[in-house]
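Just below sit the structures, each encoded as structure tokens.
Okay, so chain A shows up in both of these, paired with chain B first and chain C after.
Moving on, here comes the complex of A and B:
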């Protein structure tokens, strides 16, 4: 019947069956939307740090929901409880769902025990973004850093997460590294007796 | 004149780069939430979403014309069909149908068969006046303005507000005659 959409109505959003997550929209649609997010936030701030913080906040909200969604759909209502487990969950599962590919690399910081880095040669959100000179080190990847922080924090791994451009030799565009610095309590818990005994 | 062959955006959508709709949905949700926190008034949020859509629309039309190979539409009826069948498909991967034409052929409804913006969404009591998808109306308005059509785009039905479909009314206000941006003697 013309004029009636095919979408079924549910009284409550929770009654609705969870989608399989196979639906797609065009990359341009996302890029347009993301550009509006950045532009709007630019009107709300006085400096770069604030802008990054706001993008990170927006990302955090996405991350928290992504964790919930993926744990429910892909992991049978379980979530990772160990540090390396959750890191590889972010690097593989989350990345694959959100950006269609596993992240280029996941590394442990060499100088600090509590630092990990996820790097991406061409981060999806930065694909159509070039940073004006006067904006210095600003990186729209702050949004993705926020997503990562949202996932980690909601899973019980509080961390400070930041996005940085790292120039690459022989490449015109720098890659983006998401730097994860875990809170002290996370590392303490990770090293605790319980975690040493219960090896899985 | 024989009606133009039915056109769809199917092939174009299949050929462009795509991203997971959930990333799109959740990012849009984050934007709406940010606006609600910043602007507080639901009315203001509706306005801002419409403005964002408009900003997108005036840029999106270029990509649309470049990739869709759509030639000039003979009338507003064809325009509406193209938006519903090609435009929505090409960018959002969903189709829409055009219905409820008025007698003059200047006002119609676009009914969405699927809407990737609203997955996981439920409006809390405090946001009942919110047109959650208002960005879409802005996009249509902005894009049409760039091809010389002044329109008014409003939501008639919204499932988040308890209706049975997503229905966008597009009303043609006037066709702006095309003008050269310069005069010959200048």
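Moving on, here comes the complex of A and C:
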């Protein structure tokens, strides 16, 4: 048979390196699937807040799985334990795997210590979506917010994550900002003596 | 300068789902544009039946003294047509571009209901850009 002998045989399936997987899928196929996801959920709810919550829940499941996969594939079964570490992991590693690029920016909130923002000029899931006027501030980025919450929560950084449109000066289209508000315990742990010792 | 007067999109049952005019000539109010849309839909269907050639797909170009009408029908029966100054070039290509924008920004939008009037911000923005780009290309000739 052609190709036999080229593939290294592993006695144990666990010794086999985890494949990198196919790097890209069709954007159109994804857009149609995502559109159906939103349409289906729309038939199941009676208000916009509920729709947002359902999209976020759908994203949460993705986030939890993505963390598991990437920790195993890229980080040799280690996960980030520090706040800034996990944030840059989301901003670069997770974003790259999901959207093929690093997120446009990662900033710390100016008003509150526990808030961080990941901004994207044109979020992939919103590429083809126009929100009707009567839906107000609804953002389908809620799905991505759910992914971020899934990653953070599973890594031990519980947080409330929301997606917002932020108008940009001189730009026709608003950008999407994913607002991350960490739970109190996360910040307390971050400031604890143990973490300070580890840092040294 | 060659000019585009107006652009229409009609659904498979002949209802007008999108209308936009450019410039002053050939402007129409809502009632008239709806009438033109359904009239064109019927004429297109009749032309298919009357055509002496087998497997005719309907009128593609109507040439009049004061305007040209270019029409493109997609596989699903949605028709796109543009009314422009007589002799304007590259309208087939423009209609293909409009069709592409329709499949992207209208059909992939979860808030769009099939066969209903198109109200999508992104479609409007990209359409304006495409038409402007086309005008620049025509001017450069």
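One rule holds in what follows: the second predicted complex is superposed on the first by the 179 of 200 C-alpha atoms of A that agree within 3 Å, B and C clash if a C-alpha of one lies under 4 Å from a C-alpha of the other, contacts with A are read in each partner's own complex, and residues count from 1 in each chain.
Operating definition for what follows: a residue touches a chain if its C-beta (ideal position, glycine included) is under 8 Å from a C-beta of that chain, and two chains touch if they have at least 3 such contacts.
As the structure is a computational prediction, the values presented were derived from the model and not from experiment.
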Output check: A:156 vs chain B and chain C. Expected answer is one of first, second, both, neither. What do you get?
neither
Which superposed partner A:23 touches (first chain B, second chain C, both, neither):
first
Regarding the shared-chain residue A:39, is it in contact with chain B (first), chain C (second), both, or neither?
both
Touch test for A:109: chain B only (first), chain C only (second), both, or neither?
neither
May I ask you to decide whether A:58 touches chain B, chain C, both, or neither, giving the answer as first, second, both or neither?
first
For A:135 in the superposed arrangement: first (chain B), second (chain C), both or neither?
second
The answer to whether chain B or chain C touches more of chain A is B
Residues of chain A that lie at the interface with chain B and also at the interface with chain C:
28, 32, 34, 36-37, 39
Contact residues on chain A for chain C in the complex?
28, 31-32, 34-39, 42, 128-132, 135, 140, 172-173
For a test of understanding, state which residues of chain A touch chain B in their complex under the given definition.
2-7, 9, 12-13, 19, 21, 23-30, 32-34, 36-37, 39-41, 44, 54, 57-59, 61-62, 65-66, 69, 97-100, 124
Per the touch rule above, chain B residues touching chain A in the complex are 13, 16-24, 26-31, 33-35, 38, 48, 52, 55-56, 59-60, 63, 90-93, 97, 99-100, 109, 111-116, 119-122, 135, 159, 164-167
Contacting residues of chain C [partner chain A, same complex]
104-105, 108-111, 119-123, 125
